[in-house]
Every structure is written in C-alpha cells, then in structure tokens.
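Pasting a structure below so you can have a look.
Read from first to last, the chains carry the letters A, B, C, D, E and F; within each, the first residue is number 1.
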Amino acid sequence: MRPDGRTADTMRTVELITGVSPYAEGSCLAKFGNTHVLCTASVEDNIPPWLKGSGKGWVTAEYGMLPRATHTRGRREAAAGKQSGRTQEIQRLIGRSLRAVVDLRALGERQITLDCDVIQADGGTRTAAITGAWVALKQAVNWLIEEDVLGNDPVYGQVAAISCGVISGEPRLDLCYEEDRVAEADANFVLTAEGGIVEIQATAEDKPIPEDAFGTLFTLAKTGVRELCDIQKSVV
Amino acid sequence: MRPDGRTADTMRTVELITGVSPYAEGSCLAKFGNTHVLCTASVEDNIPPWLKGSGKGWVTAEYGMLPRATHTRGRREAAAGKQSGRTQEIQRLIGRSLRAVVDLRALGERQITLDCDVIQADGGTRTAAITGAWVALKQAVNWLIEEDVLGNDPVYGQVAAISCGVISGEPRLDLCYEEDRVAEADANFVLTAEGGIVEIQATAEDKPIPEDAFGTLFTLAKTGVRELCDIQKSVV
Amino acid sequence: MRPDGRTADTMRTVELITGVSPYAEGSCLAKFGNTHVLCTASVEDNIPPWLKGSGKGWVTAEYGMLPRATHTRGRREAAAGKQSGRTQEIQRLIGRSLRAVVDLRALGERQITLDCDVIQADGGTRTAAITGAWVALKQAVNWLIEEDVLGNDPVYGQVAAISCGVISGEPRLDLCYEEDRVAEADANFVLTAEGGIVEIQATAEDKPIPEDAFGTLFTLAKTGVRELCDIQKSVV
Amino acid sequence: MRPDGRTADTMRTVELITGVSPYAEGSCLAKFGNTHVLCTASVEDNIPPWLKGSGKGWVTAEYGMLPRATHTRGRREAAAGKQSGRTQEIQRLIGRSLRAVVDLRALGERQITLDCDVIQADGGTRTAAITGAWVALKQAVNWLIEEDVLGNDPVYGQVAAISCGVISGEPRLDLCYEEDRVAEADANFVLTAEGGIVEIQATAEDKPIPEDAFGTLFTLAKTGVRELCDIQKSVV
Amino acid sequence: MRPDGRTADTMRTVELITGVSPYAEGSCLAKFGNTHVLCTASVEDNIPPWLKGSGKGWVTAEYGMLPRATHTRGRREAAAGKQSGRTQEIQRLIGRSLRAVVDLRALGERQITLDCDVIQADGGTRTAAITGAWVALKQAVNWLIEEDVLGNDPVYGQVAAISCGVISGEPRLDLCYEEDRVAEADANFVLTAEGGIVEIQATAEDKPIPEDAFGTLFTLAKTGVRELCDIQKSVV
Amino acid sequence: MRPDGRTADTMRTVELITGVSPYAEGSCLAKFGNTHVLCTASVEDNIPPWLKGSGKGWVTAEYGMLPRATHTRGRREAAAGKQSGRTQEIQRLIGRSLRAVVDLRALGERQITLDCDVIQADGGTRTAAITGAWVALKQAVNWLIEEDVLGNDPVYGQVAAISCGVISGEPRLDLCYEEDRVAEADANFVLTAEGGIVEIQATAEDKPIPEDAFGTLFTLAKTGVRELCDIQKSVV
C-alpha cells in the first residue's frame, strides 16, 4: 500500500497549467501531486560562443529549488555561492532531453532558456521539470511562429518524463518523496510520445537491481509517459 | 495619469494569501498588483555563532528573484556564483525591519528565516516582501505558541512597507515598474501600524529631492501602510 | 554628556586634506575626528558596457577598510574572497550620491572611480567617504578642465553627508563609534549645499523611531551638512 | 569498420595495473586502449558530518583530468576555480557505483576516497575510472583486513563499467573518442559480476533511441563487463 | 645616473614612523622614498587549528595595495574576489621572514597578524613591508611584555629587507618603480642585523645573471640592511 | 648519513622520459627518485590580451599535484575552488624560469603552456618540474620548426633546477621529503648550462643561514645542474 493510497502503476494527479507567467514567451506550472515546478521559456538572441556563425540555435535549462520547497529548509544556492552537483546534473539532463527533439538549425541563431524552479518538492522534481519545460518550450516556439520569426516548427518531437522505483521489492510508478527516500532503486525515464528513449538513468541505491525488475520499471514508465504526453497535447 | 489608471494616492490591489506552502511554519504570497512575492518562515534550532549561549534568538531574511520574474530574463544568481549587491541590500533590509518588532530574548535560542522569493516583479518587490514576511513570521510564531514551545508572543509590533516616488514632479504611492524606472526620486518606507519609523530609504535618481516633496511622500506612505496593516490583521 | 564632551548638535573636528596621493587625478583625506578615509579619484577611458556609444560617462565608487582600522581586527575582504553586503551597500550609496550632482553627458564617455579606503574607523565612515569623495571628484574634474579634455564642468552640485542618531532618547549629530553601537536609531543624510535631499537612510535599531525624533535628526543634519559644504568649498 | 579495426562487440585492450602508487592504500592504473586513468584509494578517519556517531563509514570519489590528457588542451579546473558540471556528475556516479557493493556499516566510521585522475583520454574515462576504482578500493580494504583494522570484508560485490553507443545505426561496445563524438546514442552500464544493474545512463544525442537498439547495447555491455570482472579478479 | 639622482649604492630616504594606528598593538608607517606601507600588528588569541594544544603561537602577514597606490589604478582584490598570485607570494614571504626571528614557543598560544597595506607604491613594497612589519611586531611584543602577558621577549633577532637590481649592467641598491620595470635582474634580500640570510629571491628578468653580478648585489644589500637595522633600532 | 644512503653531494637517480603523452606537442616525465612530475607542452594560438598585436608570444606554466601524490591525501584544488598560494608561487616560478631562455619575439604570436603535474611527490617537485618542462618546451619548439611554423629556434638557452638544504648543519644536494621537512634552510637554484643565474630562492626555516653555508649550497647546486643539463641534452 502506497502512502497516498495509489496502486503501484498509478501516477499522482498531474496538472500542466499554462500562462502562469505574464512576461515569459512560454510558461507552465507542472504539478505532479505536491510537487510543483514553475517552468518558463525565455527567447534570447545571444547564443553560446561556439555556435556564433553556425546558423544553429541552442536550447538550455536551469534548475533551482526555493529553500523551503522541501520539508526542512535547504540552503539557498545563490547564498552558498554555487550550484550543487545535483543541480547541475539535473539542469544538464533537462537541456539534453529537450534538445533531443529540437532541430537546432531550424531554430536559427537564437537561444531558448528553460528555467525550472521548484516551488514545492514531493519527489520527482526533475521529471516534472522536463514534462513542464517541454510545454513551455513548445509555447515559446509557437509564439516565434506567430510572430513570423520562424517559418517552420523546430520542435519535431514530444518528450515527457517520469520516475519509477522499487520499494520493498515492488516496482512503482511516480514515487513521492516518502517513497523516494526508502527506494532500493530509482529510475528516471525520458521518452518520446512514440516510446523512443531520450534518456534513461537507473540507479541502485542499496543493492544491484535485477534485470527483470528494470524491465518492469521500463514498462511502467512507458505507460506513464503516454499519459503525460496526452496531457501535454491537451494544453499546447 | 498613471499607467494603470490609478490616482496618485492609490495603491495597487493588495492580496496577502496565507497557507501557500505545505511545509513551512508560516507562509504568505504577497501580491501587490503584478508583483508577487512568496514569503516562507522556517523555524530552525541553529542560531548564529555569536548568539550561542546568549539566550537570544535571531530573525533573518533571504531574498531572491526567479530569472524570468521580470520583463526580460535576468541572470540566475546561483549560476553567477554570488548574490548581487542589490540582493544583499534588500535581504539585510527585510531582516532589520522584522527584528525591529521582535523581542529576540522572548524568541529564545532559535532562528526564524524568512525566504522572500519574487515570482513576478512589477516594481516594489522589497516592500511587498517585508509586508508578506511579517505575516509569515507571525504565523510561525503563532505555531510555536500553539506547540507550547513559546509562552509569550515575541512579535510585539506590526510592520509593513510601501514604496513612493516622484514622477514628472508628482509624488505617487506604490510605483509599478513602468513608473519606477522613470522616477526622479524613489523612497521606501517601513512603518509600524502606529506610524513609527522602522526604516526610511529615500534616493534622488536624477536631481536632489526638495524637502517638501519628501514630506508629501512620507504622508502618502503613512496612508498606504495603515491600509496594509489592516489587510495583514485580517489574515493572521 | 557625549563620550568626547561635545554637545548634541556639534560635529567632530573635520579636516579635508587634499593632494595626499601623488598619482591620482584627485585625492582627499577626510578626517572626522578619529575616522580617517582616504578618497582618490581615478579617471579612466573605459566605461561600463551598457554606456558604450551613449555619449555618457559614469561615476562609481569602491569602499574598503584596512583590517586594523577598527578596535579589533576585521577580516580582510580580499582574503575572504568577497566583499561583504555592508561594503557593497556603502559603495553603491557613495556612487549614487555623487552621480546625483553630475551631468554624465557633460562628462563624456569616461569613468571616474572614487576609491574610499578607511584607514581608521571611529563611526561615520560612509558619510566621511561621501564628503571626501566629492572633493576628490571635483579635483579630478578640475584637472580634466585644465587639461582641456572637458570644456564645461559636469559637477553641477555640491554634496556632503553626515550621520545622526538617537542615544538614550537624545538626538545627536555625527556619532562616534562608542555612540553608534548603542544608538536606538541611526540615520545618514546625504544633502546638497542648498539642502536638497540626495539620500536619506534612517534605521530603527531597537524600536521604531517616533516621527518627531526623525524631524530633529533631519534638522541636525541640515546644519551639519551646511558646515561640511563650507569646508569643502575652502579646499577646492 | 571501426577506427581501430575492432569488431562491434570487441573491447579495446584492457590492463589493470596495480601497485602504481607508493603511498596510497590501494591503487590501479586502468588502461582501456589509449584511455589511462590513475585510481588511488585513500583511507581516512574523518567521515562526513552526517555520519558522525552512526557507526557507518563512507566511500566517495573525486575525478579529474590533466589539462593535456586530451587532443587539445582543456582548462585546468583548479585554475578555473571550480569543477565543471560534467566532473561533478562523473564523480558522483563513481561514488554511487562503488557504494552499491559496500556494506558501510561493516566499514566502520572511516572514509575511503577514490581519486580517479585521467592521464590520457580517448573515450570512456568514467567507465575506466569505475573499473579501476573498484580494484583500488578492494586493495585498500584488503590492507585494512591485513592490518587487523577490519575483521570482515565490507566489499560484498564486484562492479565494473563499460560504455556502448550507436554509430551510423550500429550498436558498438567500448567507444573510443573518435566514435564517441559522432555517436547517435551513448550509454554507460555499471554492472556487477552477476549481471545486476548498479547504474544505467543512456542518452540520445541526436534523435531518440529505439527500444531494441537499447536492448542490443545492454547485451553488449553485459559481455563486456563480464570480461572486465575477470581481469579485475586476476589482479586483486 | 639614476632617475632621482642617487648613486648606485644609495638607498632612498627611509622613515619608520611608529604610533600611526590608534588601535593596533603595534604600528609603523614605512616610507622608502615615495613607497609608503602601513604596517599594523594585531594580537589575537585564536591560532591556526594545527597549533591548538601545541603551546606554540603563530606570526603571519597579509599584504594589500590600495587601488590607486600606483601610477594607474589597479583592480581592487576584494572586488575581484581573490588575491592575486603576486599578493599571496608577498604575504607568505613577509610571514616567513618574521617567523625566522621569533621563538613561537615563547610567544605562547596566540597569533600576531601583520597587515601591510601599501598606501603609495614606487617600487620595493615588499621589502618596505618586511622592514616596517618587524617594527610593528616588536612593538606588539613589547606591549605584551608590559602587560605582563609575556615574561620573555620571543623576538630574538632583527630583520630588514631591501631590493637590488641590475640596470644597463649596473648593480643598484633600492630600485624605484621606474628602475624596477626596466631592470635586467631583480633581487630581494631579507637579512638579519648580523648579516644572516633569512631569504634571498633573485630573478633574471631577461637574461641569466652572471654570478659576480649576483655577488655585487648581495654586497649592496648587506650595506643597505645594516642601515635599515639602525633606523629600526632608533624607533623601538 | 642520508635516509637513502646518498652522500651530501649526490643527487637521486634522475630520469627524463620523453614521448609520454600521445597528444601534446612536447612531453617529459621527470623522475628525481620517487618524485615524478609529468610535464606537457601545449602550443596554442591564443596569447594573453596584453600581447595582441605585439608580434611576441608567451610561455607560461601551470602546476598541480594529484591528491594522493603525497604520503597523506591532500585536498584537490579543483574541489577546494582555488589554487593555493604555494601552487601559484610555483607555477609563476616555472614560467619565469623558462621565459628567461626564450626569445618571445622569435616565438611569434603563440603561447606554449607547460603543464607540470606531480604524480608522486618525494621532495623537490618544483625543481623537477622546471627541469622536465624545459625538455617538453624544447620538444614543442622542435616540432614547430619541423612543421615549418618557425624558422629559428626561440629557445636560446638551457635551464635546469635543483634544491639544496642544510640538515643538522650539513649542506646537502637534492633533498627528499624526509630531509625537506626537517631542513634548517632550503634553497632552490635555477641555473643555465653555463652557470648563469635564472632564479635563486633561499629560505631560512628556523634560524638565519650563515653566508658561507649559502655559498656551499650554491656550489652543490652548480654541480647538480650541470649533471641535469647533460641528461636533458641526451634526450632532446
């Protein structure tokens, strides 16, 4: 029995709320139960130096967490003077995941930055961030098309992400924090609407994961991502 | 005529929404028009080293702004590796303002940290932060009293803040961003419900402010703070 | 009775000694009793990036304190790897105060940096710094005029600053350190020779300041700044 | 045809050379073709603060690369003043991978740090690091047992790692740099000698990976890790 | 002919002015011509962690330069966020030089920090700093003896320093800045009153220094240091 | 009797092994007994800003030490977020020493960076680094000549370095770590093949060095450097 009464293959209630930022070119508040991540897409003309003159654009992400998004207060990274290894790992993951479905040449020499800020954290913040960031990105690109800046849509695929894990030997979909901290294994799947693999990160916390348990997690994730893609489609 | 049609002595619509954080001991989303600041109060047992053994507690604040809270994206301070001078100035101001109405000895050896994170910025973020932070602080202290950790309320005063400014020679209350960036003078008043001065910061942007203009700004501020105090009282 | 025998409305002996740096385009050692601040003005051709091509110049300030300027040794900021929030607050204040009386367009695309280094600290270092920095700035501009680099004087106003405070209910002018650390309220006034307000920062340390006490502090400050302006005028 | 003439399912020549450090409690120079990683294990009495008094120890890793380990010189991280996100990601991965086969309670309140320094880089540095670090760790633990510091071996499993990737649609084992930079997909597998999953990181570089391609990569990796485990066993 | 008319073996006018800081336990303004270095000695009870419980004290130094001490303004190290390699090299040199004549055990578990801040720089700042710092140190120790904190004088030797250099083949004593920047070779000698070597740093700037030229520089330095020691003795 | 049985005027076995890096334009593993320093030379087109357009090139060095190069593990500087003062001092010394024998104009507008990374440390790492770096530099320049990038050899001199020290009153050549940490005096000599002085750094650790002891150290060093120069010549 899960802490919130769900069955092993059920996700939490997911809401993808758009239009939450009055200024950003795209925005989405992604709610996976008590995990709330505010994703904004900012279109800028400056691109990384190594792309200058290449005719290609860039999609990147930054990730942050409000100090009291969690059960106990965490240190503010700006005050600490640096982003933690975990933060950097997550923002690199979000960026890679989105770039896997974007034609950077079709985007032209501009950059879209996805800011994913966790307002409340109850597990699965990085997968909620990817799922919401795709919506914000899509909105920003739609805006560029409406403004006649772009002729073709550079976003050629749809991507969403979900976490799974093994608790007391049981593979479960979409872990909340209470489950996450006791999981024997933890896996994040970033998949396309068609089931293509964008990124898999599976980690044994305590002891190695048997191959068949990994297979079950993968199956759960595919179901979850299909559902998430339907919700995404309904808002963009 | 002001950009949003207000008269010179009218504040924007103010909402102080409590209970917005499921984990913090106190929380308040302060909305001054399009300026939205999320304030949380976290009670912790550790205090600054110089207070160890003194029997006194501490109230402090941290301030941040989401990169796309503003019209154009700003740099994330955690990525930049440091807090700007402006950020440090503001969080020092918030902390001082709250401590001016708290009996630190009555608080005992514990610290309350007010995190003020700007979700949307349309001018006046520091004054909205102070106004909302007082609510979150009061809630946290009420919680400590309910939990029988504290016998007496260490918060002996009520404090709120508002910005004023001079635009084209006209003193105005509660500037929005469009006004703020063209103001000839800018003043932030932190006052108690009784009109006592907690902090005044008046700055000439372009040319010195005549003494009587300053007097008018002060009068506007006193009206504004009285209104804010009424709203605060209605939610705690 | 004040620690050094002054009456409440008397400043310490003030000396503004010019020509103390053999290399800087302007320099002034500002002595307010035992508070000694060395102010130098450096003219440079590089300006901040956002002013390139604007035809406007910039005036900025940096502030520092020798580690043993104070009664007990403080940490060297260069060794600590960053400037404290206090330092940044003060150097921003000095820069703003001077810019309020400078026509940046008349200055042309060049920058004048005021370095204010506290050699000895006995309270009121930021107001001594502003007062001395104005002298150094004026000297540097005079030098630019003599060198035929500038045709017109871009410094169209005269600015000086003084601190005031309330000790045991008594408003006093120009606090020394011993008074500063026990003051109930503390206010810094940056005013022009004509009494215009450039910056006011008033802070309640312990309990809110009544409005009339603030009025008394303002009156004291106006007298003090008038005196400082006379001394400034006698040396430039 | 691969750049160095290997078939798709062949690893480069692997050597695990022990005893390369005269001072470390364990050491291994892991050579995977032209990729050379020097791994040392250092036993220390100090443990992370959160483990003090827990009776448990810690295994952690640091990763670095000599500036000219690569074809063109990279910036020295110590001179840059921080470790890159990539470096932090890799050292977190190495640490997690090893901890998955260590009984931290059996280790007692001590820490073993694995320093993995890349002397030459030709692709697959993180997997060579994990493979070599396990050897160094095992040596250090053997030394602790010989010295009668430990009674039981806390390392209850054997772990090794290999990279795979898809180039022009062909799944290949153990990519060299020339392959790595053109791969459509890239996957790192950290597995136990028995085939249990410790960590999987699969990343689509350009377009999503079909599920069956992922399956082929996994099969290649299992063969590769089995071989690596045999080599490890032959040296400890 | 030297820029200021001196002969090759003549030092600039040297003044060691004591009592310049009202707060420090020892202080000396060392003037070597236009080079002015303010040296203060601060006695503190905290010592470096590795000396705790050893019964030994520590003598250390910090070095800084006001941004406009030089002909053109240099960057403030506190603003840059770190001390340059040159600064660290110099402060390590000052500390080592003083410790060479101090019995750290006789000092007891306390630390004396010498802050050497360059107010004006015209070459030879590090040697002026060492010469002045010894005076400040000696004063601080005398104060500890007068206060009955120490029974015996831990400073058992007298140390001073001077720079020499080769310009157009001519060995010269005590270079000024104009000479320093064109010198073919540059040497700093830290010697005791008895001629013992505390530190020698000789550097060829452009081409190797012949051994006999080095010998001449050494001879010049010995004369110079003897003179400096006489001046030191006259003020402590 | 020395720890390893050498006589006072005998160096450890020195090996200079070239061709150790497959990618660098020059490389040398310098072994002085158990001290092993890997030196690589990297030729790059970018030069420091202040040399742009000058027609002159630059030779610079960076120094690092693997954390477990030493008897007990040292902190990784990249993790600490900065290079220590010692590291900066050493890398500045290596760069200066090499530039003293290079015609920067003949090098043209390119930079050669010498990375000196200590793999094992048993005393004398900086002198081994200089000796090996000269070899790597020479190789890189030879490569530039072979590639017809340079017509003339800009390296017009040969430079090597050795440490000496006084232990229990006995001057000794080429100290190992065990000697270094108990030495009363420590001196590093960087000399040319012809005996010209490039750099001398002599330091009294505990009490001043008599002048004649310094003379003996210098004589030892000259013999040592002559030997090192012969070995260098045999490998380039």
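Everything below uses one rule, namely that a residue touches a chain if its C-beta (ideal position, glycine included) is under 8 Å from a C-beta of that chain, and two chains touch if they have at least 3 such contacts.
Note that the coordinates shown come from a computational prediction; the quantities given were computed from them, not determined experimentally.
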Touching chain A and also chain D, the following chains: none
Contacts common to chain C and chain D (chain labels): none
Repeat of interface A-D, chosen from C-E, D-F or B-C - more than half of residue-number contact pairs shared: B-C
Copy pair chain C, chain E: interface residue numbering same or different (half cut): same
Turning angle required so that chain B lies on chain D, C-alpha fit (0 to 180°, nearest 5): 120
Farthest chain relative to chain A (centres taken as mean CA coordinates): E
Mean-CA-position distance for chain F and chain C (Å): 50
Chain centre separation in whole Å, for chain F relative to chain E (CA means): 27
Two or more partner chains touched - positions in chain B: 81-82
Touch-based graph of the chains, sorted into line, ring, star, complete or other: ring
Ordered ring members, chain D first, chain F second: D, F, E, C, B, A
Chain B partner contacts - residues on chain C that touch it in the complex: 82, 85-86, 88-89, 91-92, 96, 100-101, 157, 185, 187, 191-192, 194-211, 214
Chain A-facing residues of chain B, complex: 21-24, 27, 34, 38, 40, 42, 44, 62, 64, 66-73, 76-83, 87, 113, 115, 117, 119-120
